[in-house]
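The following pair of complexes shares a single chain, subunit A, combined with subunit B in the former and subunit C in the latter.
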Partner chain A sequence: MAAPASAYKDRQFLAVIGDEDSVTGLLLAGIGHVTQPPDSQKNFLVVDSKTDNAAIEEAFEKFTTERKDIGILLINQHIAERIRHRVDTYTAAFPALLEIPSKDHPYDPEKDSVLRRVRRLFGE
Partner chain B sequence: MLRPNPRPTSICHTLFEHCPKSNLAFITHRMTTRQSHAIKSNSITELGTKYISQQPILDSFPPTMPDFNSVNVSVRASSALADMNTNELSCLIDGLLEEYLELLDQYTNLRAELGKAQSSIQQHLARANFHADRGVRYGASFYTPRMQASRVCRVTSPALASESPTFSVHPYPQKSPDEGINDITTKTSSGTSPITSPENFKENLFEDEKEKEKEAGTNGKEKDKNKIPDPIRMFGFSTSRELKEAQKESISMIEGVIPKLLGLDEQMKGVEIEIRRARKYRAKAEAQISEDVKP
Partner chain C sequence: MSGATNREAVFPTRQSLGLMKSKLKGAQIGHDLLKRKSEALTKRIDEAKRKMGRVMQIAAFSLAEVTYAVGGDIGYQVQESAKSARFRLRTKQENVSGVFLPAFESYTTEGNNDFGLTGLGKGGQQVQRCRETYARAVETLVELASLQTAFVILDEVIKVVNRRGKRSKPFLSLGSILTFHLVNAIEHVIIPRTENTIKYINSELDELDREEFFRLKKVQNKKQRDTAAQDAEMRAKREEAEKRGEKEDEKAGGGDILGDEEDNDVIF
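After this line comes the complex of A and B, so read on.
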């Protein structure tokens, strides 16, 4: 059940995919990090109405698969909904994934992956 | 904050009183290893000792847990499940479901807390934007391309391989950017020469710098280079009270609610696996019974 220690030893950053206000709020807490040049990889992605789903998927892929220094990935629930197929098929233990509400889209229990799991368990 | 478990010992009593004897060992093991967050281990150990002393069947199962490794735990769990009859398995599943529902209750409460924290942060940010100079909006245009994380997460490996890892978020171990300034202000406020003029201030500053250099030597310069600035400085040096409030709320959310939610999610996943496993064994046992009944 438990993952080996090597799977999470170096995972120290929190990443976020969210709208501008959510990302700003989280960066205020000090989770924002940009790696040294020439890579200069950010651990956050600001999504607006112009951001296409491919870019969100690419960031999700980068944070979950490519980068080995991300321990927690936070994503706005309404953005997770845009790449639901990717989010629902994500089963790795690390980085841990958490859907968070945003200003314009409050938390919807119907879309919560944990509560959907609960419903499945109880046979609904 | 996690809500304290309203009836930690009652679950133990229920299980110990109503479950058949042979699966007590398995339940005791599960509860002592998995539910340390919710149930006081002392009470379980006491109960376990009481029942073990009364029942010879459990003599081989010590009340205090030995150092299990993952193989031992899984073998013990599987063998214990395989030996149980349908009633025992049903009882076990009921216990697991009760545990699962308690975790779900905690999850729902934390979700509500997270929602409140997020809306509070957004409100503070909206107020900060409202009070900001014309045309200024605290957002992506302020993000610096050289930002460094001042808060990092830590995944703690569980004591037992069967347990879930725990998450925590904490400040990166660095000196705060205001520490130097604070040092000066505290020294001058408590010292004999308060700042009354720019000349005095310069003298104090010079003396402080000299002292620091003596104390730290060349290490001081290295430390200054490694200092991670307060993330609020991205948005300017004179930031509004609302922005500081938003930062305070955000830190509280990042360090409190989010790691707890992730930990609960992991625990729930673990219990789900055990429920499914127990259901599978119960289905097998039922199938076995129906086959035996057939002429």
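After this line comes the complex of A and C, so read on.
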């Protein structure tokens, strides 16, 4: 029910949209993946102050809807704030969207879209 | 009957009333227990998220150590040398009473090292430690993602069920993740239904009582009428008999009471 096996069978990578430090650390952990040469696609995006929101949205779109091999999308919370409307309206189960803290921005549970949903679920 | 659609199909008897009452009591106790449990579950997600916050902080700190030890930013080098993921996911699904909940599982592929050259000059140890720290952090993230996905899927399931307006089939499982749904189901389905059923049985029983009372009253009325009629008849007969007796007395004029003349039978 709700999720056929095909929806997540091939999802074996994590993707990340984050600032340089977060991405570097996660890549060191070994989540980085670049697809085969013809259209070598990275599964990570480094966002700094110069990156505009359209680029973030585009990457978000690519990781959530286009690519079918991503199981979890990690996004820095302060970057999620920049495309909050997109993050809040994202309700699909796959890939799972996880807001993570970054070095300069501590984690704030109040902003987390999923936590808010959980709270609503319990009728709080 | 207002709640006719939302009650259980039972015969309105005192026995089923007793059954329903005990069921309602059970549901209320269960609801209290589950409510407490579901609050614990919310707390679990909340805690997992906070734990993630701490873990990521530690990881960020170890990365800062690397930067310090290497004496420069390794970000660019790392991004360029990432080729194939060492850290991957496997999804398996758990069947929790009819709802398939996927769970992520992480595994690392062997013999695949994109960062063999990172920190070769200096800070190799820090790089190594940082990698381990981040790997542990990612494991925490994967765990959290599983928990979260389960909730998202259940949220969808519940929405679908709610939209159909058929909340009559709660998942009767105590699978921890379904607890909150059960709380909802008990609160919004089972308890109102049982209450409706009790109301229905009560009203039906009252109705029966009224009917019975009415019937008894009718019977009583009829009996009274009958007795009154009999009384009247009897009285009439007695009066007639008395009258006749007087006449005979006059006729006989104190004649022989043991005479041949027979008395009329007095019929009561």
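Some points to look at:
In this section, the second predicted complex is superposed on the first by the 116 of 124 C-alpha atoms of A that agree within 3 Å, B and C clash if a C-alpha of one lies under 4 Å from a C-alpha of the other, contacts with A are read in each partner's own complex, and residues count from 1 in each chain.
Rule of thumb we're sticking to: a contact is a pair of C-beta atoms (placed from the backbone, for glycine too) under 8 Å apart; a residue touches a chain by one contact, two chains touch by 3 or more.
The structure presented is a predicted model; accordingly, all values stated were derived computationally and were not measured.
By the touch criterion stated above, A:68 is placed in contact with neither subunit B nor subunit C. Applying the stated contact rule after C-alpha superposition, one finds that A:118 touches each of subunit B and subunit C.
Of the two partner chains, neither subunit B nor subunit C is touched by A:84. In the superposition on chain A, A:21 makes contact with both subunit B and subunit C.
Judged by the touch definition given at the top, the superposed model places A:29 against both subunit B and subunit C. Touched by subunit B in one complex and by subunit C in the other are residues 1-3, 5, 8, 11-14, 20-34, 43, 46, 71-72, 74, 93-94, 96, 98, 100-103, 106-107, 109, 112, 114, 117-118, 121 of subunit A. Note for the complex: subunit A touches subunit B at residues 1-3, 5, 8, 11-14, 20-34, 40, 43, 46, 71-72, 74, 93-94, 96, 98, 100-103, 106-107, 109, 112, 114, 117-118, 121.
Those residues of subunit C lying in contact with subunit A across their complex are 38-39, 42, 45-46, 49-50, 52-53, 56-57, 59-60, 62-64, 73-75, 78-79, 82-91, 93, 98-100, 102, 104, 108, 112, 114-115, 118, 127, 130-131, 134-135, 137-138, 141-142, 144-146, 148-149, 151-153, 155-158, 160, 180. Contacts from subunit B toward subunit A in the complex involve residues 70, 100, 104, 107, 111, 114-115, 118-119, 121-122, 125, 138-140, 143, 145-155, 157-158, 160-165, 167, 169, 171-172, 228, 230-232, 234, 243, 246-247, 249-251, 253-254, 258, 261-262, 265-266, 268-270, 272-273, 275-276. Residues 1-3, 5, 8-9, 11-14, 20-34, 42-44, 46, 71-72, 74, 91-94, 96, 98, 100-103, 106-107, 109, 112, 114-115, 117-119, 121-122, 124 of subunit A are the ones that touch subunit C when the two sit in their complex.
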